[in-house]
Each structure stands twice: as C-alpha cells, then as structure tokens.
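Read from first to last, the chains carry the letters A, B, C and D; within each, the first residue is number 1.
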Amino acid sequence: MPKVTIPVGPQHPALKEPINFMVSVDGETIVDADMNLAYSHRGIEKLAESKTYLQNIYLVERICGICSHTHTTCFVQGVEELMGIEVPERGLYIRTLVAELERIHSHLLWTGVAGHEIGFDTLFMYTWRDRELALDLLEMITGNRVNYGINTIGGVRRNIKAGMKDQILKHIGKLEERVQYYTDMATTESTVLLRAEGVGHLPENEARKFCAVGPTARASNIPTDVRKEDPYAAYEELDFELITSDSCDILGRLIVRMQEMVESCKMARQLIENLPSGPIRAPMSREVPAGEVVSRYEAPRGECLYYVKSNGTFYPERLKVRASTYANWPAVVYSLKGYYIADIPLIIAAIDPCMSCTSRVAILDTKDGNERKVLDMDYLRTYGIKWYKEHGRGVRRR
Amino acid sequence: MVRTIGSMFPEAFRHLWKKRATVLYPFEKLELTYRYRGKLEFFDERCKGCKVCEEDCPSFAMEIKDEGKEQDGKTKFRRIYHTDRCLFCGQCAESCMSESIILTKEFELAESDKEKFTIESTYSTEIIAKEREVKEDG
Amino acid sequence: MREMEIETETGNLEKEERIKAEVVGKLGDKVEKVEIPRERRMFIYVKRKESFKDVVKFLKDWLGIIHVSAITGLDVGDKFEVLYHLFSYGKEKEGVEVTVKVSLPKTDPKIDSIVDLLPGAVLYERENHDMFGIVPEGHPDLRPLLLPDDWAETGGHPLRKDWVEEKEKEKEKEKEKEGRGE
Amino acid sequence: MSEIVNILLAVLYLLVFPGFLFLFFYGLFCEYFDRKLYARMQNRVGPPLFQPFADFVKLLAKEDIIPEKADKGMFSIVPLFAFAGVLTAILYIPIWRTDAVLSFEGDLVVVLFLLTIPSFALFFAGWHSTNLFSQIGAVRTVTQLFGYEIPFFFACLAPALIMGTWSISGILSQTVIRPEVLILLILAFIIAVISLQAKLERVPFDAPEAETEIAGGSLVEYTGRRLAIFRLMFNIKMVICAALITALFLGGPVLFPAVPGPEFIGYLLGFVVFLLKTLFVVFLLTMMRTVFARVRIDQLLKFCYGWLIPLSIVQFLLLILVRSMGWFA
C-alpha cells in the first residue's frame, strides 16, 4: 500500500496555533512524523536585550496567554537572585497562590480542549464554564483575567485583603467539587476511555530519553516536578503530593492533570489559611549587578527555564527562555508513531501545546519565483488596503 | 476500572432547565473589580515631569516632552499618551512618584479613527496643593 | 526521623559538593573550574571544546544526568559560549541544575553534537544553529527550525550581537544610494 | 380532466407538501431544534429560530469555488444527486394519515435504498475533490456505511417481518390494528436510533467528517451553493430518517387512542402528532451527540459488528419465534 503524507497544520482545526506535522500514513496508521515549528516566531529573546528589566517583566508576561504568571515568576526569580533581594514571605505566598490558581485554570482549559479534540463538546463547554471560577478569583486578586501583571522585581504588586479570603475559599470549594466531578466522569465514561486508553503510549525510558517535562513526564511514571525537586517561592512550606501515573498513555496524562488540580486546590487553601502578615514587596533598584543565573519554575505544562545574564547595566545581556511545550515536542513525534490518523489531535493536544509566538515577517515568492522579498506588517497593510480599493467592487458583485 | 456509558447524561439533562452561563455582551456586562487596569487617567496638575513613566513603559505608550520655560519661570510639558500602544500593565501608575496617573475601569477603547488613540495635553509643573488620595493597594 | 535528617543535610551543599568532587577528581584536566552559586545550582566550565563531549558523557554515565533542560547560546564579543543546562533528577529538594559551559571561537563555531548521547537535545541544538550559527557536528538534521526554511542564505543569525535586521540593511543601502545620487 | 388534476396533485405533493417546501422548512427547523437543545444542555444560549435559514441564505450568497484539480462535473452534480434522492423518499412515508402519498408493496426497501444515496454522494464528493482530507473522509464514509447499514436494515425490516407487509403504509395500518406489537420492537427501535446516528454521521459516530481530525472530511472543499445544498440535504435526511423511524416504531401520525370527528381534524391532529414524534426522535439523536465523545472508525465497526448486528439478529429470531407460534397472527 502506498504511503501518503498528510500535512497537519499549520492551519488545521485541531491546532489552535500554527505548527506543522508532516504525517506519513499507511492507510489509517501513522508510520512517521516530522514537524516544523515556529511559523510565528516573535523574536522575544532578541527584543528582551533592548528593554530594561522592569519592562521585560511585561514582555515575558506576553509570551503565553495561559501561563503568563509562569514566565514573569520565572524571570523575576532569576533577577531577584542576581540582585540578592529577599522577597517578603507574604509576597511569596501571594505569588504561589496565583501560580496554583493559574495551574487550575490551565488544566481545566486543557481538559476542555482535549474533550473538543475527541468531539466531546459538552465536556469542553462545562470545563470552560467552570474555569471562569478560577479566572474570577485571579481577576479579584490581580485585577485582570489573563495577563495578571502581579509580579514585580522584589515581590508582588497587589495585596490580598481580609475580605477576599472568604470568597477565595468559597470559590475553591466549588472548584474542588467540579474537578472531582470531571475526574469521575472522564475516567469512567466509556467513549472517553476508548479514545484515551492505550493511545499515545510513551514509555518511561523514552520519556527520559526525549527529556519530557511536566504532566507528560509524570504520566510516564517519572516523578519529576520542579516544585518538589527544586522548590521556589513558598512551595517548601506546602504539603502536597507529586502525582504520577504508570499508564504512560493519554488517560494517564488526563488523570495526572485532574489530580494535580485537586492538589492545587489543596495548596491554594493552605496558602490562604496560612497567609503571613507583613509587606508584600521588597525595595528594588533599577540596576542589576553583573552575573548569570538559571531560574526554574514548574509551569502547568512542565518545567520552564530562564537563563538571565546581566552585565551590570539596566538591560540584560541575554535572556534565554525555554518554555515547557518546547521540551515535549520530540516526545510527541515519538508517541504519534503507530497510532491512527484519528488519534493525531488528541496526542498532540495531550502535552497541552502552546506555540505562543507571532510573526511580523512574511516571505513572498514573486511571480518569476526567483526574487524573494521580506514584507513587513506596514507593507502588507497598505498592500491590502490598495488591493481592496481596486478590487473591492468586483469582489462584492461576484 | 469502572466503565459507564453516557455518564454525563443526568448533568446535561439537568441543564436543559438551568439558566445559561453565557453573558450576552454587550447587552449584559460583568462587574469589573476595582483593581482592573483600564485606560489611564491623568492629574496633570500633580505631575512634576520626572519622566519615570516614559522610562518604565514597556510599550512606549507614554511620552513627556519639554516645551521650554514659560514666562513666569515654570517648565512647560506636553504629555502624549498613545492608547493604541498601551498594554495596560499599570507600571506607569506604580512608578509615578507624584501619583498623577490613575487606572480607570474603562476598557471599550475601540475607535475607527487612528488619531483618537493619541491623547495629548499641555501643562506646566505647578503643583497644586491637593490632598493626596491614598492608593488602594501597596 | 531519618528523612528529616537527610533533608537538613541537603540543606547545605553536600550533594553539589559530591558532584563537584566527582567531576574534578575524574576529569581534572578537562574542567577549568566548578562553581556552586547556590543550593541546587552548578556551573561547570569546560577548558577546551574538544573535551566537552567527554564531560557530558561522564555526567551521563557516572552521575546519571540525562535530562537536557535547554541549551543556551551566548555571544560574548569575541567568542561564543554555549551553556548546556542539564538536570539531575532527584528526590525531594535534591534535583541539581548542572550547567556545562563551553567557549567557541567565532571564526570556527563548531562543537560536537550530543544528540547521540542525549536525544532530547535535538531541538535545542537546531535552535542554536539557527540563532547563532553554532554548528553541532554530527547532528542528524540541521534544517532551520525557528527561522523560515530559506532564511540562512540571506538573513544571518538573529541572536548574534552584530546582527542587523534585513529591513534595516535595505534602509541603509537606500540611504547610501541616495547619498551617492546627491 | 382527472389526469390533469392528478398531475397537478403530484406536482403539489413533490414541490409543496410533503415535498420540497415542507421539508425545507421543517429540515431547517429540526436543525434549529437540534442546535438549540445541544446548546441548552451545554448551558449556552444557542441560535435564534431563523439562524439555520440565515446560514442557508448566507451560504447561497458566498463565492463558489471548485478546486482546480477536482473533477468538475462530479463535483457539481453530486450534491443535487444526493438532494434528489432524499426528497423522493418522503413520498413513501405517511405524514398525516396511515397511508403515504405513494405506496406499493416493497416501498420500505426503496426508501432504505434512497436513504443510502447521500452516503455514496458524500463518497463521490470527497473522492472527486482530490483533497487528502476529503479522500480520507470519503473512504471513512464508505467504511462506516458497511458498519451501520446492516443493523439499520435489520432493524427497519423487523416491523415488516412481524406485520407481514413490505410497505410502510401497510406496516402502519397493521400497527393501528395491533399497537401492542410495538412492544416487541423496542430493541429494534433502539438499534435503529443508534445506527441512524451513524448514518447521519453525528457524534459519537462522526468519524467521516470529524472536524478536529480531518477538517470536515468529504466536504472540505465545498463552498457556497453546493455546500448549502449538502447541508440542507443533511437536515432533510435527518427529518426523513426520523419520519421513517416514527412510522415504523412509533405509530407514525396515528394517535392512540384515535380521536373521533371529521376527517380533516384527524388529518391535522395526525400531522401534529407526526411532528411531535419526529421531534422526539431528533431529541434522542441530540441527546446522544451531547453525552458522548467521538469513537474511532475501527471502534465504530467493532461496535456495529460486535453489538448492533448480533442484537438485531436476536431481535429477528425473536420475531420469527413469535410469528411461528402465531401469537400475533
């Protein structure tokens, strides 16, 4: 039987952001896969070199819309270490609370997306509705729902007021209840099990080999979690369990994420109940002493790593960002092989992919095919306006 | 493992009679928290022209320009605020030493005219003795 | 009780010191220095790039450090530095981030690929190849990863400090032309 | 004279009621009903009443694109072919009284045959679009056909077996005489509804058009008018299948117990009852698509051959036993 290569992406309904998989199939079975990343590379690492540390907080916050707190915390932690600032206890607790709420919202979002990928739109709608609870809490604490802007070098910007505690606890109680419902539902419903069980198998040794991180690794029975191994913020004082699953498939990743949400609820409760008093931020200067630092953070999707090199000025010399999805791609390519076309969306979605990049450059093949031109956004815009002025009527008439 | 089929049925059936969760924006609007970071509001009379906001703004949305001295010796400034560039992080309000920048809850800022995104005002550094409002959060 | 003791022991730098002793003892001539800036962080400076792969091999085979977190390229004026952020899995609070640092001359930015040792490094090496032009020798697949497929011919390596954007270059050229015309 | 009247009547039947016009509006209404219920069960608002109609009109106004490499003739003719197929089927199904517009011994088989035409049309449409995704979708359509068609035929032929006639109108008039027979057909009804879901290619059996997997399957290249016709065809197919199931298992437009009175009141009531019963079937179909996730094509076949076909054979054997014992003769 002849092999056919199917392009999945860069535009495909299963993918929320552009990435391309060239999947070779034999009938309905996948024999090989190759991927092409960065259809929309924003050049943030380069941009960061021309911004001050304070401005960079807001830049890295916009790397990802879902784990925006991840990036700021990871960056800010590094800078604080360079500057030798001791963040007040209360600041760390608030930081951790926002991080855990973000984890809940991210995992609920993932559950919905996974449901959508297997045609279970009802699960998608319900989880996204209940995710609003977490978003409401985040809005109450930080002021915004997506880019919280709560971190700053030396602590956090917004305090938790006394009146908020009750509402946070109430919402967390509701969330716990819903999460429990989804866990029971998704892990017993036959149609979900049919799609998730045994699919996207990633054995432990392969997961180690491809350096998988986060829930993907934990579902392959690797007990790795930055919060445990390399505690930061207030995690050292929290009592929580490291969730692993030995099923190594998508069901395992589902269960790991579900139970992590339960743990996150538990942690949020501990944090709010033991919230220490005191200041929320330490004074900081704008200048950062020369040095280099590696900062790690457990994002909802896995380990996030920042490398900051400072040369003693207002601007960082190098800011390296390794977001968690990036580490999981080789594992995805591996786990695609041998499954069906129908499993592609779910296997890709199982690592909770986040491309988080946008491009400002388009390469144009002119008609003779020889000349290549870099078009910037302004050019494209004026070109579009011109085109519609010329063709506008004709288009409408047809 | 226990297997059920159609275990979401009771939940789905129950929702037939429940009120929708959708908020019909723009007919219904959610209450925003007071911490929401929307369009900026300025108290020009408090501003000392230190330009910290301009320096700290990550998206170059703020410009403070020296316009020379007035007759009575006060320095005159021109403030230009580009709402289209602003990413509403609120860093300027936080950095501002004279507390002349306040964040409002206004978020419906779409305009069809590009010029309306630039808000300008001219003022001089005369500080009116006014009781300072205490910022809501530390 | 015993667990508690272990915890307090790892509170100081015992684990890091142990790795350091192993590395210095076994690879003394290949390693320039080993720094421990704080708990669970290590920097290993490799003397010459030729012996770099031996260090990674040693870390993998003797110390079981097989997780590649990232590979950072660095443009420090006259040379490149490549940082291999490796991670040693550990129990609670025992994970150690080991960063192996190698210098490369700018004229010959080639380094041995570690993909055959640690397959997880495959994307990071491609990324550095794109962004800095650091060539990992022995890498199976060096197509552009983050840059467009036809970038390398014209565009250069964006994260080098001396890189200028294509648009800027064109502007400069135009300016030159205009200058000549006048 | 009477011939002209007959021809006019036939045209009326075909174009207005119960033909094209009625099916057009009722099909769009069923789509609205389905979408609204789906949305309400998901705690959403759902579309307004005229949304499906607006969608249809919008699609008609859209640009019509035929892919360069597609077989242009097949690409254009296939939607009409499918549409004509389903439209004809309604003439054999009773809508306001026990006998349909047309009926003859064996029309049940004709209707079942007409209802498979859309699947083949979908296959040709997908195959001749020459798009990778549409071709995968086309192959899946046919693969799925072999899965659900057998239990659907078995289930629909069960009433014919017990009633002793192969005409839908005949089955219905027998049902009126002996409504208690319907109890025997509960299993066949369940099988028919499940395999109907597969026939209509809806979740959980929508592998041939799975949006997130193969981007809409066979219809991926269709735009504008042709897509509008296909979508209308799906709606009408749903109505007709629901009507068929209503006629076979739920007593069609017949109200039990019958209401005495003038004939036209009976017809009107019958029509209302027909609408309610078809909406009930649509409700069941909507419920199914709300609470399940999509199954893979291999799992669907496994399910059809492992569960539905054996069950339908059991139903058949049961009916044969009943008939041979002469309990319902």
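Keep in mind that, in the parts below, a residue touches a chain if its C-beta (ideal position, glycine included) is under 8 Å from a C-beta of that chain, and two chains touch if they have at least 3 such contacts.
Here the structure is a predicted model, which means the values were calculated and not measured.
**Student:** What's the overlap between the neighbours of subunit A and those of subunit B?
**Tutor:** In this structure, the chains that contact subunit B and also subunit A are D.
**Student:** Let me spell it out: compute each chain's centre from its C-alpha atoms, then which one is farthest from subunit B's centre?
**Tutor:** So the chain farthest away from subunit B turns out to be D.
**Student:** Taking every chain's C-alpha mean, which one sits closest to the mean of all protein C-alpha atoms?
**Tutor:** So the chain sitting closest to the middle is A.
**Student:** Looking only at C-beta pairs in contact, point me to the busier pair out of A-D and B-D.
**Tutor:** Top pair by contacting C-beta pairs is A-D.
**Student:** Centroid from C-alpha atoms only, then distance subunit C to subunit D, rounded to Å. What do you get?
**Tutor:** For subunit C versus subunit D, the centre distance works out to 62 Å.
**Student:** I'd like the Å distance between the centres of subunit B and subunit C, where a centre is the mean of that chain's Cα atoms.
**Tutor:** Centre separation, subunit B to subunit C: 41 Å.
**Student:** Which whole number of Å gives the spacing of the CA centres of subunit A and subunit D?
**Tutor:** Distance between chain centres: 44 Å.
**Student:** Indicate the whole-number Å distance between the mean C-alpha point of subunit B and the mean C-alpha point of subunit D.
**Tutor:** So the centre of subunit B lies 55 Å away from the centre of subunit D.
**Student:** What are the residues of subunit D that contact at least two other chains?
**Tutor:** If we look for residues of subunit D contacting two or more partner chains, we find 41-44, 290-292.
**Student:** Spell out, as numbers or ranges, the residues of subunit A touching 2 or more other chains.
**Tutor:** In subunit A, residues 122-123, 126, 129, 189, 191 touch at least two other chains, as defined above.
**Student:** Among the residues of subunit C, which are close enough to touch at least two other chains?
**Tutor:** Counting only residues that touch two or more other chains, subunit C contributes none.
**Student:** Can you work out from the touch definition every pair of chains that touches here?
**Tutor:** Pairs satisfying the touch definition: A-B, A-C, A-D, B-D.
**Student:** Can you name the residues of subunit A that touch subunit B in the complex?
**Tutor:** These residues of subunit A touch subunit B: 51-52, 54-59, 61-62, 122-123, 126, 129, 132, 139-144, 147, 149, 152, 157-159, 181, 184-185, 187-191, 193, 279-281.
**Student:** Residue numbers of subunit B touching subunit D in their complex, please.
**Tutor:** Interface residues on the subunit B side: 6-9, 12-13, 15-16, 18, 20-22, 24.
**Student:** Given the complex with subunit B, which residues does subunit D contribute to the contact?
**Tutor:** Listed in rising order, the residues are 37, 40-45, 287, 290-292.
**Student:** Can you list the subunit C residues touching subunit A in their complex?
**Tutor:** Touch residues, subunit C against subunit A: 37-38, 40-41, 43, 66-70, 72, 74-75, 83, 85, 87, 89-95, 97, 99, 118-124, 131, 145-148, 150, 154, 158-159, 166-167.
**Student:** Would you pull the subunit B residues touching subunit A in the complex into a rising list?
**Tutor:** 1-8, 11-12, 21, 32-33, 35-37, 55-59, 87-91, 94, 137-138
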